[in-house]
């Protein structure tokens, strides 16, 4: 039984939904970052799979740039997270409602 | 002549106004005398009018002022004095003068003496309007005015719960009939374009019969309520709560006869629709029998007389139904005299027995109350229809009418009722005046009423005896307006058999009642005797359970339904739904407040929910656009290619 | 002075009210009575100079407000609106005269004068926008009267009253704007004048939609059956003067508006909706009468009774013939007088015992005979006894509607029966029987100040009952022109048949003429 | 045949690893599970023939990003239990599933029904890295340079943000020291 494009799509859907669950359920910001990583990875898989089954390199190109962005995002995110932690001594999402209207 | 018409009409009103001025003050005699005097003046004016109408044979028609005038409708305050209304005026003014004078004595120890005369004269005024008006709307004014005054007078002793309840019941039951009357008036207006008697009756033959039948039926419904015919009769018995002069005037002579007057006045209409007449006659016969049966067993003196009035009304409707209008009017006149006399006599007895009404608790009063005894016996004899007295001429005439038009069922019912009438009226007289003085057991010492009250009653006594004499003169006068059909049986033998037969039957009934109720061993029945337990007795004494049925299946459910309407429908459904809308707005505001409450995770959730919503819409429209071009056109209109 | 008497009538109370702020507390009552009496005298002057035979608008005034859109201040009075204006002036006068000493009487009198301005404004204005402005303004003083001087639940009652009526009138505003646009579309220039709108002939489906829009605004104000639940609360919580003015005048705005707007502008729609509205009116009559019978509180009973009477008015209005409409307008005035008097009487008894529960009273006839007689006369008037003012109205309305449909009138006729039932049982509970409660023993009878209000009302009730011609004459003239206008304008065949053509009827003014 | 087995093995492993990162309450377990997950994803890239991508994934993602997280974690007190507010799970799970399905359906639908033509066809016979190199430095040169600049900016900001007061670590200080440090900060601000 041949592995077709649908298998990869199903896989990336599952990963995406796990990532989404993580994002929504987590209160701890760090854990939330992990979940966003999962989201990005699941998208990468589908890019790679589509580029493979479609014989087109664009998918992989896009995956590269996704990885680049993810890296920079994590860098900046963690910096901010540390600052927040220094000020409030916890990185709980609920405490971050000072910007409330 | 117009001057006399206005005097006859407005004298009672002036009397009533005068008495009303003193209504709050304690008893002042002039508040009683002035209205009676004014009523006497009105009686004189009516008799002058009678003489005028008799001689010239023409009617007086006068229009005082316009009442309602919009569009095609034009109703004036017009009054007509023709043969029919003059007879009624005579009856009304005579009986009310007698009752007014009698009431001065009867109500002498009552603290709201003045108010009584205000109401009584107001009643006579509205009765005069009813009788003298020349159009249906004026008739309706009198109709409702009479209902209002009977409400005031029945509920006169308003501290008594039963009196006020009876007053309300009478008023509401009359209103039910008045609705029928109102619809009849509308029918007449929209079909004949006017409400004046002469114009309306002139335009009626042109209409087709079923419209006329409906008119006849609706007007008869109005008459039925006012004259307490079958379905709407329970209020008459309860109306005995009022003072006796009220019962004498209103529930014997004037108000209850208003229904008969309406049928007589609308004779041109009822001539066009004989089958409605037949229905009226048969209903009248039924009511005669029905009321007489109830009177047989009743143990309340005034209710017995009330039922006898009801049964005599049945007679009048039977005569009017068969087309013999002048006979009905004649019986109405005669009946008014001797029934008022009977009631006033009963009033004297009630006063003497300290308001005790049960005839079984009296007995042998003839020794003490000589005058009242004579008057009540003569009245009962007249009621029974023994030869020389008024009853014979009027009631037996009705029997003849029924016999000639060969309505044998009606004839036999009326004949049997005549016997019953004789029986219960003499049961009453025997129980009260003859036999052993049972009142001694209760320690009451009766005394005769005031002299002037007996004198006041004497004109009625006189008329009860000699009313028969006027029959011929009355006949020529009235038949100028009403259809003049002579009623006498062609073969003399049959005629004699009939008259002698009825006399004998009535005599036998009287003798039997006399023998049964003057024997020594009459005791106050305490519900133990076999007769009282019998089903028939129970049925009759509870008036065929009709008041119970009305109470159970009309009054109570009405109360329950209205309570249900209020608490359920008004509060819970309509009001709640209005408040519900308001709450809905409030709650949506409340719930969506959390959306921007600053908590990042909830906001995240709402964001994801939003994207999901948008995406699903995109998918749905995407698919829809492919299948139906309509949707595609909409999308393209919005700018989504 | 004569040709702009209407503007004086409208704005004089408002100016007086503003001046009222200056007047100090203890002489405000005399000031109020003086202003109201002047106002009433002016309205009598208006009646005196009113030409009874003419059926068109009189004392017209025309000032351009927003000429671009054709909104201008047009006021005028004809037979239909004349007597309600006089009634409004009369009730404000006797209301202020018999005002019991409530807290801060000054504000009460000023609010009442403002209310009077809006009332007269509504009935006199002949421009849709001016009419709408006064229609909404009349809610504001009423809101304060109920809200500030009301009973325990007053906030809820006043807010509900305000919002409910306001929501309805917003729908009406939409109707007005659409109507103006249609007018612009057909004639090319903007106008909000009602008289121009009367001449505009609309196709039937437009008429239906516009009728519905106006219906919502008016039905809530009348109040018609499903929208009536605000009235018992408003009456229950309003002070005596508040519920008197509310019952006497404010309820009439709805029915007057039906006659002024819906009937002439949308004759076909009125015919089309005649039967549904008639059925609604019948439900209104019988249902609220039965609910009134179930009431424990005398004021609620009178409130529901006035809804029942409004049902008869609506029935008369939608009889679409001269007798019916003039009957309903007369009944408006009659109901104003009678229910105003009834609310006064309830106020009198409330001031003495400050409870409105009928079970609290019993055998009052012994203690307060004069009060009992006046209450009795008013009960008989509201039940529709002939020779009282109500009978003329009810008789004509039912007579009018009988032409349209026999069965519905018979059912509607039950009104006189159920009316008698709840009124008489209430009278029996309060006045007859023995004096059971201790406090009822020595209640003072009606005092002089209350008599000032009640005696004129009793006189009017009986006088107009016996001789309604001075009021009924002008009304039937204007109604005649209204019905002929409707007859010409009617587009559909069925409407032409239903609405009679007055020119063919033989109008009789004296009996002799007829023979 | 092998490819299928590999695919199923690795997909099972990836899903379980990511599931652990999402549901665990211990921060360290989550970090390690995430790193392992990254590795298995790179395995997928190799299966799909995107060798260069797999290598980059391992180096950049699981290497650099995970390292960054590890260093970052040192600042936070990862010992404490991470308590979660249990919103109603059904909404979250349902919502995410639907979102995932929708996104894939929308983006993949045109591809699955293959009416898309390849923009830059893979040339057979030549190594994947060479192929990517050719495309990367001809067509995607500008985005490549921009990405480079972006990474630079991210690095500098990371340093500055995390650089302040590197010496004291809140986790080791007790309550009053933190308070005193805060007061000192307050009056410092006042001075400015």
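For reference, chains read A, B, C and D in written order, and residue numbers begin at 1 within each chain.
Please note the rule applied: contacts are C-beta pairs under 8 Å (C-beta built on N, C-alpha and C of every residue); 3 or more make two chains touch, one makes a residue touch a chain.
The model shown is predicted, which means the values in this text are computed figures rather than measured ones.
Trainee: When every step has to jump to a touching chain, what is the lowest number of steps that links subunit B to subunit D?
Mentor: Between subunit B and subunit D, the shortest chain-hopping route counts 1.
Trainee: At what distance in angstrom does the C-alpha mean of subunit C lie from that of subunit A?
Mentor: The mean C-alpha positions of subunit A and subunit C differ by 71 Å.
Trainee: What whole-Å value do you get for the distance between subunit A and subunit D if each is reduced to the mean of its CA atoms?
Mentor: 5
Trainee: Using Cα averages as centroids, what's the distance between subunit B and subunit C in whole Å?
Mentor: Chain centroid spacing, subunit B to subunit C, equals 35 Å.
Trainee: Measure off the straight-line distance from the CA centroid of subunit A to the CA centroid of subunit B, and report it in whole Å.
Mentor: 94
Trainee: Two-or-more-chain contact residues of subunit B, please, as numbers and ranges.
Mentor: 601, 605, 608
Trainee: Please set out, as single numbers or ranges, the residues of subunit C touching at least two other chains.
Mentor: Residues: none.
Trainee: For subunit D, give me the residues that contact two or more of the other chains.
Mentor: 85, 87, 92, 95-96, 99, 103
Trainee: What are all the touching pairs of chains?
Mentor: A-B, A-D, B-C, B-D
Trainee: If you look only at subunit C, which of its residues touch subunit B in the complex?
Mentor: Contacts found on subunit C: 160, 163-164, 226, 228-230, 287, 290-295, 321-323, 326-327, 363, 365-366, 369-370, 373, 380, 385-387, 391-392, 395-396, 398-399, 402-403, 406, 409-410, 413-414, 416-417, 420-421, 424-425, 428, 431-434, 466-469, 472-473, 475-476, 479-480, 502, 505-511, 514.
Trainee: Mind listing the subunit A positions that touch subunit D in their complex?
Mentor: So the residues of subunit A touching subunit D come out as 1-3, 5-9, 11-22, 24-28, 30-31, 33-35, 37-38, 41, 44-46, 48-52, 54-58, 60-61, 63-65, 67-76, 78-83, 85-86, 89, 91, 94.
Trainee: Which residues, counting only subunit D, touch subunit B once they are in their complex?
Mentor: Contacts found on subunit D: 85, 87, 91-92, 95-96, 98-99, 102-103, 105-106.
Trainee: Spell out the residues on subunit A that touch subunit B in their complex, using ranges where they run on.
Mentor: 20, 23-24, 27, 93-94, 96-97, 99-101
Trainee: Touching residues of subunit B toward subunit C in the complex: what are they?
Mentor: Going by the criterion above, the answer is residues 23-24, 63, 65-74, 76, 78, 137, 140-141, 144-145, 148, 151, 155, 158-159, 161, 164-165, 168, 171-172, 175-176, 178-179, 182-183, 185-187, 189-190, 194, 196, 199, 558-559, 561-563, 565-567, 569-570, 574-575, 578, 582.
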